[in-house]
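Structures incoming, each one as structure tokens.
Two complexes are shown next, each including subunit A; its partner changes from subunit B in the first to subunit C in the second.
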Partner chain A sequence: MTEGLGLVGIVLVSHSEALAEGAADLVRQIAGGATVVPAGGAPDGGLGTSPDKIEAAIEDADAGSGVVLIPDLGSAVLSARSVLADLAGETTAQLVDAPFVEGAVAAAVAAGTGADLPAVIAAAEEARDAAKF
Partner chain B sequence: MPPSSEDDVAERVVVLPKPLHARPAGQLAQLAGRHKEATIQLVAGEKKANARGVLAVMAMGAVTGTEVTVTVTGPGAEAVADEAADILTAAEAADA
Partner chain C sequence: MDTSAFRAWVHESARLITAEAEELTRLDAAIGDGDHGINLRRGFQAADEMLDKAEAETPGAVLQTVGRALISKTGGASGPLYGTAFRQAGKSLADATEVDVARLGSSLEAAFNGIQQLGAAHEGDKTMLDALGPAVTAYQVAAEGGADLVGATRAAAEAAERGLQETVPMLARKGRASYLGERTIGHQDPGAASTVLILRALATVAAGEAT
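Then we have the complex of A and B:
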């Protein structure tokens, strides 16, 4: 449990603004209470990723207990890494290798129950081994 | 808390009035998160899941009419089992 601080925040990094926002809506519905911030699309709203959007999302999601970044594919990973490199030492945000939807759901449910950063990361990573049915 | 509470066990058997989809699975996981000392186990036919694992609960694929046995072990088992049964039997139109 976190003490005296807010919940661990979740940032969803996608090439698509609609995908990031839709996934965040879905995850909030399931996880209730968790902070889930979308960071999708290029700066002009087209497909792509935006370091500025990712950095702003990390700030929005940070309640003092850490932030987990879940990327969708490829350059979402690279953009997230470059933001984390720029913020080195100024953020507890961590990039997690997890499936986008299942990882976000598992991470947000864990975060919503007050789990700490390592536990939220573990929940997201475990989602890779979870069968869909 | 008396030491015997660690051994509390409560069981509820419910018939789902709705599929066990994402939202109730999330509510069960939240319930499990609020009662970290208790273990909430779900069984439906040959499928089993710990309520803490939201993805595992969804993967049970339990549909309307499925009989689900909820077994809670640990402190406050009776109350937690009641809450779990309420989540499983709550009427809900949306399937998210």
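Then we have the complex of A and C:
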């Protein structure tokens, strides 16, 4: 447990606003308690990614214990990296290479138990090896 | 090159990208997700407009403003990539008010390094680096051989064009195109194509020929 601080936050970065929001709904339902913030879609709401939305989502998700960013594909990774490079030193947010849905669920479940940032990152990464059935 | 020349570079880049947006999108539709021209036109137009309102008083400030606009407004992978390139180039110019041949060469190199670091790509992966890499090298060779800004930027633009042609037989290893594997062979890389336009704009402005 981290003392005196909130839970690790989760940011879901997707090319689609609907995908990010839908995944966040699903994850909150499964892993109640964790803070899951969607950052989906281009600046104009179309398909794409928006560093401004990602930055705002990090701020919303940050309760003092760090933030995990889970990207869907391609430019989600680049957009997230450019935001993190900008915030260097001002945030503990970290980009994690994990499957979008399973990684988000695993991270949120871990975060909901009060796990610290390295443990939440590990949970998201381990989701890659979990068989679906 | 002074601050107004750098502003002219951005303006000319926006003009060329707007004019070629359909062609860039056509290239991207062949091997990517078909939004490169649309995204980049939106990004560069936003950058050009933001620059009209911004007080950027040094070449470095101009490039950093452009970088922020591209990152914020583009919407695709090219936004963070070109945005980082312009910001790193801008940072390397610090507070200089006049940029000479050598200084511009280091800023182009900073742009290359910024893209390479963010995208974790290498020359030969069929990306914008395949145009920018040869351009930076040709620029530096020309500059070391005594070329002025006109000659060095022309050498860079020509090398970028050759680099673009060389992306045709390459196999894409980055981005959406990498999912297509060998089907990417035989097509120009759209990112390399837009890099050619930006460097052509630079050469045009350096030669004092911008419209």
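Criterion: the second predicted complex is superposed on the first by the 133 of 133 C-alpha atoms of A that agree within 3 Å, B and C clash if a C-alpha of one lies under 4 Å from a C-alpha of the other, contacts with A are read in each partner's own complex, and residues count from 1 in each chain.
Please note the rule applied: contacts are C-beta pairs under 8 Å (C-beta built on N, C-alpha and C of every residue); 3 or more make two chains touch, one makes a residue touch a chain.
Keep in mind that what you see is a predicted model, and the values were worked out from it rather than measured.
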{"item": "Overlay on subunit A: subunit C relative to subunit B, clash or fit", "value": "fit"}
{"item": "Which superposed partner A:29 touches (first subunit B, second subunit C, both, neither)", "value": "first"}
{"item": "Which of subunit B and subunit C A:94 touches, first, second, both or neither", "value": "neither"}
{"item": "Which of subunit B and subunit C A:79 touches, first, second, both or neither", "value": "second"}
{"item": "Included angle at subunit A between vectors to subunit C and subunit B, based on C-alpha centres and rounded to the nearest 10 degrees", "value": "150"}
{"item": "Which superposed partner A:44 touches (first subunit B, second subunit C, both, neither)", "value": "second"}
{"item": "Distance of closest approach, subunit C and subunit B, by C-alpha atoms in Å", "value": "27"}
{"item": "Overlap of the subunit B and subunit C footprints on subunit A, listed as residue numbers", "value": "none"}
{"item": "Subunit A - residues contacting subunit C, complex", "value": "42-44, 46-52, 73-75, 78-79, 81-82, 85"}
{"item": "Subunit C residues within the subunit A interface of the complex", "value": "35, 39, 42, 71-77, 79-81, 83-84, 118-119, 175-176"}
{"item": "Residues of subunit A defined as touching subunit B within the complex", "value": "26, 29-33, 102, 105-106, 109-110, 112-115, 126-127, 130-133"}
{"item": "Subunit A contact footprint on subunit B (complex, rising order)", "value": "22-23, 25-27, 29-30, 32-34, 53-56, 59, 61, 96"}
